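Below are the structure tokens for one structure; questions will follow.
Just so it is clear, A, B, C, D and E label the chains in written order, and each chain counts residues from 1 on its own.
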Amino acid sequence: MIRLRPLFGLAFAAILWEAVSLAAATPSLPGPGAVAAAFPGLVLGGTLPRALWLTLGHTALGLGTAMALGLPLGLLMGRSRAARAFLTPTMELLRPLPPSALIPPAMLLAGFGPGLYAAVVGFAACFPLLLAAMDAGRAVPTPLVDTARSLGAGRLRTITRVVVPACLPGVSTGLRMALPVALIVTVLAEMVGGDGAGRLLLRLQRTWRIPEMYACVMGLGLTGWALAAALASLESRMIFWSPTHRRPSHHP
Amino acid sequence: TQPLRIGYIPIADCLQLYVAMEQGFFTAEGLEVQARPMQGGPVLSLAVEAGELDLGWSNMVSLFQAHARGFSFVLVAPGALEDDGEHLTHSLLVPGGSPLQAIGDLAGRTVAVNALGNVNDLSLTVLLAAAGQDPQSVRMVEVPFPDMEAALASGSVDAALVAEPFLSSAVSHGARCLVAAPHAVFGREFMIAGWFATSGWTAANPGQAAAFCRAVDKASAYITGHSQDIPGVLARHTRLTPDMAAHIALPAFSAGLDQAAMQRTIDLTATHGFIPRAFPTRDILAPGFEWPQR
Amino acid sequence: MHLTAQGIGMDYRRTGTAVTVLDNISLTLANGEFVSLLGPSGVGKTTLLRCLAGLTQPTRGCVLLGDRPLHGPAPGMAMVFQDYAATLFPWRTVLGNVLFGLEASGLSVSEGRGLALAALADVGLADVAAHHPWELSGGMQQRVAMARAMASGARLLLMDEPFASVDALTRVGLEDLLLRLWRERACSVLFVTHDVDEAIYLSDRVLVLGGLPARISGAVSVDLPRPRKQLSTRSDPAFADLRGELFALLGGEAAE
Amino acid sequence: MMRLAGRLLPLFLLAAWEALCRTGVIDSRFVPAPSAILACLAAPGTAGDMLGQMGLTLRRTLLGFALGGAAGLCLGLACGALRRLDETLSPLIELLRPVPSVAVIPVAILFLGLGDALNVAVTAFACSWPVFVAGRDAVRAVEPLRLDTARLCGLTRGRRFLAVILPASLPGAVTGLRTALGIAVAVAVGSEMAASSDGLGHLAMAASFSRQQALAFAAVLAMGLVGGACAFGFSSLLRLAGRFWPGLFRVQTRLGEKP
Amino acid sequence: MHLTAQGIGMDYRRTGTAVTVLDNISLTLANGEFVSLLGPSGVGKTTLLRCLAGLTQPTRGCVLLGDRPLHGPAPGMAMVFQDYAATLFPWRTVLGNVLFGLEASGLSVSEGRGLALAALADVGLADVAAHHPWELSGGMQQRVAMARAMASGARLLLMDEPFASVDALTRVGLEDLLLRLWRERACSVLFVTHDVDEAIYLSDRVLVLGGLPARISGAVSVDLPRPRKQLSTRSDPAFADLRGELFALLGGEAAE
């Protein structure tokens, strides 16, 4: 009964879409039927799966770069007032730069290889992660750090054994925000980089294969959904202990 | 009455429009014109399809593809012509020190074109096939014309199909022509682009369509006769500086249409899988038009 | 090992100007003694305890552990905080939490486990060693914190309102547990609380902190017999007298 | 001390960029030096033109942000408060969320034409999602005891929504709006690059097509300025609102939580 | 107006199976009476109180207010929770919070303000009416919550461990304040607590809740003279006897 309701929503949207496309009567807005019919051609030949696979790789690369850069920096800024004061102005100046404007210089400096994705996606996804890590770093409960210190833990131990795990929930929130950003910017970069779903999307649009283009868009939507779900499951495994993930207690 | 809304891309290839406006050829035909600069072909074509624009400018291969995919676009007036002589505006370049010597060496390399699936993409595909290479073995990436020289210089791409005005600049900075006239695969003289509308619009406005065509033809004739005025026109309508405008190579413009050459291009488009199957040239010409043979 | 504070003073910088929170506080915690520190909220009890634990450097004066001045947390001392939920590491099991205090000490893994399990057994939590702290009730969590402090081999326990957040019935049990551990392990305890009854019930001596900046405004010796019993000790007339005396020292506003 | 150093860091980075260009490590034909960018702005009329384009982009950004933010917020609050609506819509929304805005442009042209409405709609589409999610989650996180209190005070369902859920979810919604504002600038510029005849996005494209790299970079910097101005304006507005209604953006707490 | 519970039972569904938390609980709160409900953590005190307040519908049995069965929160009843921070609205001033309880009553604005200010004056907070709750200490916040409950004209106050989270010294003051308000306003109070001493000090009658499912396992009348005084009442020998009796009823584990 409850399971039916989501389907109901999707069905309603599909009917609305079909009605609008019938009313518009133009090849530039195919209905859901035409788009669904375009799916097998894209999927069976392996075109769409291959493109999405590449896109996944690029997203992972960009997200990895963003994490490698943003998390330590964010943690540092969260834990050290001096680092925060030092780096905040530069960060605030860089943050509003639109990632798409970064593509041409990145293309020049990094070429069309993985470097392009690392640079552009990494830049775009870096800020949500950095900010989340910074907030998480600032919010590490003082008693936790004090306890570690009073139990004889040195600086390094306190950071690796206490601060880092305590930041994980906040960081994972940041990761959840960064994921759709990374995916969208990856697609943008792929339109230039000539790989993956971005290029497929562009090519389909350029060659006027509009139903296939929308099928590709829907494939991207499904990918984003699957990624979010995968992240959620990973999260519930990694930070099972955070208040939002705790299983009901087995003890009084 | 509403003015005629014409979409164009502010580059040298749309020269006919600038001249026709400046010389009053549209007014003389009783047309009131509202020209709208657009960023790129796809958006322009979508706007024509949506009825936002009455007429638009497009490269021919894209037009063929749109037609083949169910868009009812028809050609209303001829546009820029390229030949491998004086009016050579596109070349395939490699960096000065590149080891590449012939088109066949491109297998496995990265090549920049300005847009996927358009006339430049097709010409490279045809060239590669002719050289016995699988076109799929070359990685075509979409790089805007202005960034191509930098992409070549930085080694981001191994070759680039560059157009004017960037062509002259790149060559003067040391780039070398791998294929001087890639468009020659379509014939010695080749119509790169043209002016189009939806068949619905031409059927409803046959008089305006014909008048537009006449004005464009007059402009073509004017361009051929007044080459000294052209740099000034370009500087006023594009973002080219007068100096640059004076030095670039320009395509040719003329009235009429070589229907046999166009059919050959359509067939090539189909042969290389850019459209599912070929169609007769007549299908893409606005009905009721007398197209003089070139 | 006795702990001595000599003329401790502490200033905090608040919106630019320095506020003196503690002024010239001297106290001694003798070996095996149980001393309570009583004072209203915000008077500076936590600040003082943090200075004594070496977590904060006092602005003036010094803290001696034995004869050595204290700079930073020292082995042999452990602190238990009020906010037990915030001091247990939620990503570690109960055993892992207790082991944390031993990991820095360079013991072998099996030795460490042995000590930790013994400490857990001492507080009656041997069978939840594999659980996570948040699966336990508040009272059990506070017992984990106590076991951790004990397992680290501390001879000197600083406790900052450890039982303020557990319910009154559980608190009764924890108080008795603490007294038992203190007796068995022969350690010294400095116990911060708001609760007059609790301070009397537990301590050998109650110090009252008051004023701004805070000073030690009174000290009361508790001569009630040990071992103490919840019902009989609290209904001892001497208990009522001590309660009256401490209420008066606290300013009397709450008293009659 | 660090604060001052922090303010100087961007200048230092600019100087490094300039030096790299001067020494030829970076080919200044493609990536112009900061001084060249400044010089290009100093050309007569350019700075004024740039200001005009910034204004256009800013207007589209703000309009798109306002529309998308309002739509996302309403839908998010509704989905947070009404479980059934949420269950009905959530799969659809999860599918739409990762759709890149380039895929929205064709549909937008079809229904909205080529005017500002196109840029505004694409911007609104992109920035409605973070607000939606933040609004929905904020309503879900409203402290149940607060709702109980309102019930005990005799408030009806509708009044509970207005008097408790709405203000309580405000801080969460504001976080979503802040994220959306950043996205709005990027998407507005992107849509101008694809389909517009003015604005900073168009300027950047047009400038590079006419081989005016310095102008193109100046346009990109102006985008950064517009984004920074938006973020700054938003924070100032919040601060102002916070001064008039202290506690409005106070994150709700339970006992023992630090605000 | 008296409140009656008749054979209340409550089941919670936990991982599929129903767990009976309350079973066949009957009680009456007479007009003007002060009754405490004492029980260990997790026994079901809050659940019972929510049923009595009309916030939760019991699975079995019924609640009567006067002679009418109760369906949903009723005017004339108010509840005060332990977690004051979560029940005050941070975006409203102290006055606004108190006015919140009057919003549904259809009073004019000035009448409402008058009532609210009177209630605030009653709890001694008249001069912080324009502040926000988060600018106040915990004890003051709980007093705001009490003023809100009082201002709404409630004749029947349900309080769920209202003083468990304030420090012990503040609690003493709040207890006396509550007793004063109760006497002056002649309302009835049902007071949930863990604290045996607090229950005795405040109440006319103490009900003990125990077992799983919970039942009323004992009731003790408190015949200590009123008005009560913190020091003298608590040192009354009768107080110690009551304490012993209640500890025994609670299961004796905590007692000797």
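The criterion applied here is as follows: contacts are C-beta pairs under 8 Å (C-beta built on N, C-alpha and C of every residue); 3 or more make two chains touch, one makes a residue touch a chain.
Chain identities (UniProt): A = ABC transporter permease subunit; C, E = ABC transporter ATP-binding protein; D = ABC transporter permease.
This is a predicted model, so every value here is computed, not measured.
J.: Which two chains does the highest number of contacting C-beta pairs join?
T.: Greatest count of contact pairs is found between chains A-D.
J.: Among the chains here, which has the CA centroid at the largest distance from chain E's centroid?
T.: The chain lying farthest from chain E is B.
J.: Please compute the C-alpha centroid of chain B, do the same for chain C, then give the distance between them in whole Å.
T.: Inter-chain centre distance comes to 84 Å.
J.: In whole angstrom, how far does the Cα centroid of chain A sit from the Cα centroid of chain C?
T.: 47
J.: What whole-Å value do you get for the distance between chain B and chain D (ABC transporter permease) if each is reduced to the mean of its CA atoms?
T.: Distance between chain centres: 37 Å.
J.: Report the inter-chain centroid distance for chain A and chain D (ABC transporter permease) in whole angstrom, where each centroid is the mean of the CA atoms.
T.: Chain A and chain D (ABC transporter permease) have C-alpha centres separated by 17 Å.
J.: What residues in chain E touch two or more of the other chains?
T.: In chain E, residues 42, 165 touch at least two other chains, as defined above.
J.: At least two other chains touched by the same residue of chain D (ABC transporter permease): list those residues.
T.: Within chain D (ABC transporter permease), residues 30, 106, 109-110, 193, 208 contact more than one other chain.
J.: For chain A, which residues are shared contacts with two or more other chains?
T.: 26, 28, 104, 108, 141, 191, 205, 210, 252
J.: Which part of chain C faces chain A closely enough to touch in the complex?
T.: 50, 53-55, 72-73, 75, 77-79, 81, 83, 86-87, 89-91, 100-101, 103-105, 128, 131-132, 134-137, 140, 148, 152
J.: Can you list the residues on chain A that touch chain D (ABC transporter permease) in the complex?
T.: 2, 5-10, 12-13, 24, 26, 28-29, 81-83, 85-90, 92-101, 104-105, 108, 127-128, 139, 141, 177, 180-181, 183-184, 187-188, 191, 201, 205, 210, 213-214, 217-218, 220-225, 228
J.: Okay, in this complex, where on chain B does chain D (ABC transporter permease) touch?
T.: 10-11, 36-40, 43, 46-47, 49-50, 52-53, 144-147, 149-150, 153-154, 165-166, 169, 173, 238-241, 244
J.: Looking at the complex, which residues from chain D (ABC transporter permease) come into contact with chain A?
T.: 2-3, 5-7, 9-10, 13, 30-31, 84, 87-92, 94-103, 106-107, 109-111, 129-130, 179, 182-183, 185-186, 189-190, 193, 204, 208, 220, 223-228, 230-231, 258
J.: Residues of chain C touching chain E in their complex?
T.: 40-42, 137-139, 164-165, 167-170, 172-173, 193-198, 229-232, 234-235, 237, 239-240, 243-244, 247, 250, 253-256
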